[in-house]
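Following are the structures in question.
Two complexes, one shared chain (chain A), two partners (chain B, chain C).
Then we have the complex of A and B:
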């Protein structure tokens, strides 16, 4: 099938430029860094010195769910940033270098081209996210106390919806602009605007994609899945789908120009 | 001796962190060695990758190649 060929081409490319190695490693590192530094904070402060004799250092250790949330907040910043910059040139770069014309000189469907690219990055994101959160879960259990593995997986799946949207946005911008830098910049601005708008109008935008992280924190603390998180996830996935469809349409229109 | 003891006790916690950083660094260096169109001089990248923890390799992977 054509689609699998394109997917395979993308996977090979991402394997050859080491994306399949460095992205998961970076995701793992950013997920566990905060946990480890929080755990060692008392020792670090003690050995850094400068405190008068007899100072009592009392930093409360986070609960397991709070520790897990530290990873999520790191992923929400650095993880999103890395996702955008790693996929910023995926279509625009090919348009620029002429590979795009080479590919589409063959009877390749735009739908296959775009979804193949999207899916290859989505797979990379899923693997990285799961590995990162698994590492974070392991360290949480080791350092801060028990947290059910199933709870982590459910949280990870909902969080994956949010990152899916991020990739879809990047792919959409890829079909609009040629400069990878501009694409990364606009994608990040879009994500920030979405988050800020959700923070300001949170009471109205209960189903906003940016709310997923908030619902995940509730879920990790209480263990109950709010009905709202489902709506948020569905809205997020629909928005991603819309972005992808829009990307296919704009690429098709671009060809006509 | 107390310092040594702390390190020994915490090796299991810290080792993965160091190993991952090391792998990241090595991959970046391999990629740099194969890179035929680096953006900027190769030795500068090598220094950045080796001496800037974590961020160095990431920056190299993102910005080190000319397409």
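Then we have the complex of A and C:
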């Protein structure tokens, strides 16, 4: 099937350019960075010295759910940035280099081309995210106390919806512009605008994709899934689908020069 | 029965017609050269025929294809500057292109090996394309265009970026290809067109200004030029040439005379009888007009 052929090619490409190595590693690192540095902060401060004699260092240890949340907030910043950078040239780069013309001269369906690429990056994101959060869960249990693995998984799945949208946005911009730098820039700006708007108009934008992180924090604290998180997740997935459909249409109508 | 008919094909980019009401038919098993200066609209025409840019108006119909509008499966296309995935090997790329075109894994790999042999890349098949030379890439480009055994093979300027050896190889390859398929290739090198193609399409400024078999187009020329040179220039030769019936212009440059005539046969007879009668020591007699170069220049400057 054509779709599998394209997916396989994308996976091979990302394997050969080491994305399957560095993206998971970076996700793991950013997930556990804060946990470890928070845990060892008193020791770090002590050994760095410079504090007057007799100072009492008393940093309250975060609860397990607070610890996991630190990972989510790191992923929300650096993780989004990495997803954008890793997929910023996936279509635009092929158009720019000219290989797109060869591919397009074959009876390739735009739908297969766009969704094959999307899915290959989605897989990479999912694997990286799960590995990162697993590492974070391990250290949380080791250093801060117990948190159910199932709770981590549920949170991860909801969070994956948000990252799915990020990739879909990058793919959409890929069909509009040729410069990977511009695509990354615009994608990040879009995510920032979405987040800021949600913060300002949070009372009316309860279903906003950017709210998912907030709902995850509630879930980790209380263990209950509110109806809002489902709303948010469904809206996020629908928006992702819209981005992908729009990307297919844009690519089909795009002039080649 | 024609393989493809093109009717009133037009493509406009921001009100400027890059291809302007072009109509022609392609017969199976023919090699057709698409000629024209840079910017004439050749590439845009080929891309529309390849099926991946949509015409603004007009139609392209393949007689093979009665149901679907996607005729890319009948077409093999080589762009002017083919570019590949540098991390793939030549063999992998052919394999990929074949499967995209709908071949099974097995078919794609058999066909890849066959084509690597045809374009003399068997030894470099396992090397990364990033390490290929320009000529090797061009040949790989031809191989990928042939992978799904298309009925129509289109090559955009296949020889203009190659050295003389590469050029010769590609021209020979085109001659092979036209045994099984229709070949349409664009070029601005007239010699190449003359060498391998039976028919030409001449474009300028988006319009098709001349089309047909080369011999026919040559015959349509109204005037012919005869080039003459002498070992020893006869006296008053300039005037004598001018007196011949149907000669209307004689120009001289470094002892070579270009004689423009309306009626080639009459002028030729007269010149040869004079050569005998008056003992002109003729060293060169050449009919220079009617080459594509002339047709090209005349049509383009019209």
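The working rule: the second predicted complex is superposed on the first by the 254 of 257 C-alpha atoms of A that agree within 3 Å, B and C clash if a C-alpha of one lies under 4 Å from a C-alpha of the other, contacts with A are read in each partner's own complex, and residues count from 1 in each chain.
Simple rule for what comes next: contacts are C-beta pairs under 8 Å (C-beta built on N, C-alpha and C of every residue); 3 or more make two chains touch, one makes a residue touch a chain.
If you're wondering where the values come from, they're calculated on a predicted model, not measured in any experiment.
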item: Clash or fit, chain B versus chain C on superposed chain A; value: fit
item: Which superposed partner A:5 touches (first chain B, second chain C, both, neither); value: second
item: Which of chain B and chain C A:64 touches, first, second, both or neither; value: neither
item: First (chain B), second (chain C), both or neither touched by A:209; value: neither
item: First (chain B), second (chain C), both or neither touched by A:116; value: neither
item: Which superposed partner A:97 touches (first chain B, second chain C, both, neither); value: both
item: Chain A residues touched - chain C or chain B, whichever exceeds; value: B
item: First (chain B), second (chain C), both or neither touched by A:79; value: neither
item: Touched partner set for A:107, first chain B, second chain C, both or neither; value: second
item: Contacts of A:132 with chain B and chain C, given as first, second, both or neither; value: neither
item: Partner chain(s) touched by A:17 [first = chain B, second = chain C, both, neither]; value: both
item: Closest approach of chain C to chain B (Cα atoms, Å); value: 9
item: Residues on chain A lying within both footprints (that of chain B and that of chain C); value: 17, 97
item: Contact footprint of chain A on chain C as seen in their complex; value: 13, 47, 50-53, 70, 72-73, 75-77, 79, 81-85, 87, 96-97, 99-102, 141, 144-145, 148
item: Residues of chain A defined as touching chain B within the complex; value: 17-19, 21-22, 25-26, 28-29, 32-33, 36, 39-40, 43, 82, 85-86, 89, 93, 96-97, 135, 139, 142-143
item: Chain A-facing residues of chain B, complex; value: 6, 10, 13-14, 16-17, 20-21, 23-24, 27-28, 30-31, 54, 57-58, 61-62, 65, 67
item: Contact footprint of chain C on chain A as seen in their complex; value: 2, 5-6, 9, 13, 16-17, 97-99, 101-108, 255-256
